[in-house]
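Across the two complexes that follow, chain A remains constant while its partner is chain B and subsequently chain C.
Up next is the complex of A and B:
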């Protein structure tokens, strides 16, 4: 018995040795470099996170197929579950691995706000592709943190101007109590008040796993708003919109970028989603210059998930990383410095210039309305052409 | 406050309370009979919603001409049969074998089981990580005034919820099976000596608790028109608290606890609008205070009279 044990152990040792040498030899031949992706790959926001992951992967595939590239790249992706604790865990795991040169990361602001310190501590450059809370870039002086998407300040400015231009004056507010929801609410209410609109008090903070909103909505109904503004993500957005209907609340529903996902419409069905408004940085993929080509090569890869609206941002961010690495080589510090030199670059998502805080200073914000089960850019919708109409301002009174 | 508004708050609270009560009844049954706390019970409710939804999809795909009542019946039937089988399976595979182990082991095992159920739906149900719309199933009749919306489906759900609880009460107190259940609850050894089939009683109890949970799941879906994989976690925590404040092991206590909890949440959001986000903190805080005041629950009975 003992003899057999020893034999097995020897065989195992031999196998391990062989594997080690094989791996070492392989690395020497190809100079493989590692880059990272972190986003929500499971949970309620996974459709967005998976689409963005695939887009980042696409950028890597394309570069590996390019014969002119100096290095071979490998994407290492981790799941932040859209939860700060999980995010910090995976961010630490990735940043502490010096082989990973940089990452495209985070759709959820609450997560990004928690992880920026980690990246800074380990000196790993990160381009945030989807989280829009201002504090991520403006709340610190970390050179490692860049962001390709605009902040929610721009988004709410556009949203408030648009809503007032449609004739709405009285807004009821529901926000989730994460940084994302609160920041949105703060800027939206600020802009609305500055421009003479009325924010109805009280505003309702809700937790991100709440199921029942009938109490809040009943109270809101008695306040007679023209618009119910919700800042938070898709799962809550679906519940609030559907419970509005149950309680017979006849107000316009307006969300933020967090509800602009296909899952929102799928979760409600086209009838209930009809006429809901949302705002989002950038433009739809098809509308982008080069968007068609992006979609074609995305679909050619046979990814399981569709590219959501955040996918082009992740794709461009990953390309920027790879471009920079090709130029300055595998060194985190040099990569960080080189990223800041990106100014006025023409990309799939429009112009990109990083300011002193690493923030893309030229973000474009689109307005969307749900029409026949799709998010349609406002200007192209039948609502803008006058064929259909949103809820009438003043109808509540 | 206006009368109509107050009435609307009451209706919301009653619906919520009925849902909590249905979940709490399960907790209380399992504890009453077997002294176990089955933490996966909330997720069982969620499985009920998803089984119902699958049946709805199936009916829509193969028998689109099926009348609404037939569809509703099949949805409930699917939810109940899947969840009852699941409940009995859990009892046989987890609860009975762990009978002699420390209570903590059962607690842990059922907690893990809840995670397994939740993650299975998320990973294996089509598009399981996203919210799914749940069909209304019931007629959409409603009466509306400026502040008040009375819906027929709410009334129907509430009444059937009450009927189901009454049925559970009837089975326990008026049937031979109920007698056996009560005997096991009182003294397992003695009941076995008197010829009560212990395993059968356990399975029946779990089938009953699971059936009620399945109904709660379908009710949850119809009421909110939307289901997600994660809904069971908080529902389970609330159902359990409701059962505990009512007095674990007492069906009326569970009902009372469910309505108290819903009432507390509603009060929390209405009376403290500046802090609506803290309504759960408020409700659970009051639960702690209630427990400090009556450690065995509001309607505590001697162990011999449990269930």
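Up next is the complex of A and C:
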């Protein structure tokens, strides 16, 4: 019987606890202003999402330590898993919470395309830090959506001009069937044709989990291209480049921002990766003005994850939010308007100006070449200085 | 005192107490934003569950459920209504409540297949997706009114199910499971490569409109602006209520009896003149129709769908809800859906570790309660 009494008492205690929190839930009051971050924190893209989350957190920490700041800030971050449905859920959670003034969000284009309507509905300003599909800013007229990273249009413009300037004329295309892959292909082929280059037909669309490319590559071999352009992400890029070698295709391999990762070189080994080309918005962090300082303060915070390529973008976007809030106060509408006034601002990632679609119109695109197992900025590489050379144009003919 | 308490709970009062407890707990849990309250909520519910089991309160509740079923059904209706009203201005929580109800409908469909007729289906999410895509395409492409598109979404899922059932019937056991798995993968790839359906990027879904009311706008009620999700939630509740009544009727009819016979022993039931294929087909088609309806409504509520929402792992999620709730028990299904939808959302506070902790909880659940939260009771013939 005694045991039962004790049990009852425990149950009672728990019930009291619950009642207490029930009452406390409503009375909770925070003096700090809240800003948000949404990105992939779990799943295959989490290394980029976590790095960017930490960078946004760093911006908030720094502002809170600054004695000149009017407000105290709190970062509220959520996981979109790089899946549209999860993204819509967390975007609804964040945007419908009026206490959150704005957010730095999204690495994955598919997620961002799904969530822009949500932000617009609730009127929360968002700066997209890593998703590059043009439709995110240009596909709508929502003032709430801004983007600090360039679209893939800029990237392919730079890429096509560069390739033609190297003397290449005949391009074979492999792209993955996501919008990322397709949009890249569309803009690249458009720019190449406009400038007098030749795109070899047919172009090959592959799903993002395909393993074997013998069929596609055999056909491509018979087409005898000077360059194989691949738009898609690292795992596919590794497979295609290595299978090119097996089939003895002697063409220049050119990728997009999706293959500019350490995993690409690690997957191929330095020998096979040597001379592969890639293009990416922004410059390497170490090369940026203020990049060293950024890295130092990032490392000083003891974050568990490395800052990945997108971290500086998330950092700058978050700083812009905080600057604007300091200026106009905690009001979503005013914050949105003030963000559009950012023109020609000097930041860690270069000049930033938002056009009337909220798109940063001055994104800088860097060219990279794999050299001795590392991605090296083209201008600093031994390829540019003439010590080494890419595959010779016209060699296959 | 204990005995009086139990007698009290096994009467109609047990139902009221239980319903109130659920309303309060869910309200607290949905409002909880920080680590500690969320943790306490979870500990409370586990503690109460264990204590209730030890003190035989569950038996009392079961008696109450058997004797006052009508009242329980009414309370089951009252709980979501009360919650919807409590959160009338809170978009996010209303969305979660709606998602729970829609998922519950889909899992009820799975319950008919696996729980009653014993037809294994690893592609529930694909049929959910077929409903979603069909209704979307009918609205955007053919300009059909959303309600018709919703119903046709269910019909389309049933039709596709009619085709898939052929290879499923010709195989049994693991092989039938493999056939449905293959279908789940096939559906995802098909949607990925078809630009007509929006491709891997997904497609925007128009909102529900009913009797001239656009469901995507907030509504004014006196001075308060009610969330637009409130209408969706009421529609979800209607769908869930209808699905629940339908599946309950089905279970209690001779059809349900035949399905139970088919599941338990097909040789024996064939000897008694039960047509095995007929009941397997019926269960499969009915179940898929429910999943399709749920998917169509979910698509409208979410306003955006992409193939990534309907993968094989989502099918596993549906299946795990059924296993967690207790195969064949409809109350268990609903209870499990609440946990499976809410817990990962609430675990957002622990950021990158959330799925780790969540999976740990699921493992614990399987170890300590392998038959699910509420195992199905033997059929009562009285």
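Everything below uses one rule, namely that the second predicted complex is superposed on the first by the 365 of 397 C-alpha atoms of A that agree within 3 Å, B and C clash if a C-alpha of one lies under 4 Å from a C-alpha of the other, contacts with A are read in each partner's own complex, and residues count from 1 in each chain.
By our rule, contacts are C-beta pairs under 8 Å (C-beta built on N, C-alpha and C of every residue); 3 or more make two chains touch, one makes a residue touch a chain.
Everything numeric here is computed off the predicted structure, so don't read it as measured data.
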{"item": "Touched partner set for A:77, first chain B, second chain C, both or neither", "value": "second"}
{"item": "A:42 touches, of chain B and chain C: first, second, both or neither?", "value": "both"}
{"item": "First (chain B), second (chain C), both or neither touched by A:232", "value": "neither"}
{"item": "First (chain B), second (chain C), both or neither touched by A:177", "value": "both"}
{"item": "Contacts of A:307 with chain B and chain C, given as first, second, both or neither", "value": "neither"}
{"item": "Contacts of A:207 with chain B and chain C, given as first, second, both or neither", "value": "both"}
{"item": "Chain B versus chain C as contact partner of A:114, first or second or both or neither", "value": "second"}
{"item": "Which superposed partner A:89 touches (first chain B, second chain C, both, neither)", "value": "second"}
{"item": "Touching partner for A:219 - first (chain B), second (chain C), both, neither", "value": "first"}
{"item": "Where chain A meets both chain C and chain B, residue numbers", "value": "42, 46, 177, 205, 207"}
{"item": "List of chain A residues in touch with chain C within their complex", "value": "4, 7, 10-11, 14-15, 17-18, 21-22, 24-26, 28, 41-42, 46, 50, 53, 77-79, 83-85, 88-90, 92-93, 96-97, 109-110, 113-115, 117, 122, 133, 177-179, 182, 205, 207-208"}
{"item": "Contacting residues of chain A [partner chain B, same complex]", "value": "42-44, 46-47, 177, 202, 204-207, 209-212, 214-216, 218-219, 221-222, 234-235, 238-239, 242-243, 245-248, 263, 266-269, 272"}
{"item": "Partner chain A, residues of chain C touching it in the complex", "value": "2, 24-25, 27-28, 31-33, 37, 40-41, 43-44, 47-48, 51, 54-55, 90-92, 95-96, 99, 189, 192-193, 199-202, 204, 227, 302-306, 308-309, 345, 348, 351-352, 354-355"}
{"item": "Touch list for chain B against partner chain A, complex", "value": "2, 5, 8-9, 12-13, 15-16, 122, 127, 129-133, 142, 144, 147, 149, 151, 223-226, 228, 230-231, 233-235, 265-266, 269-270, 273-277, 279-280"}
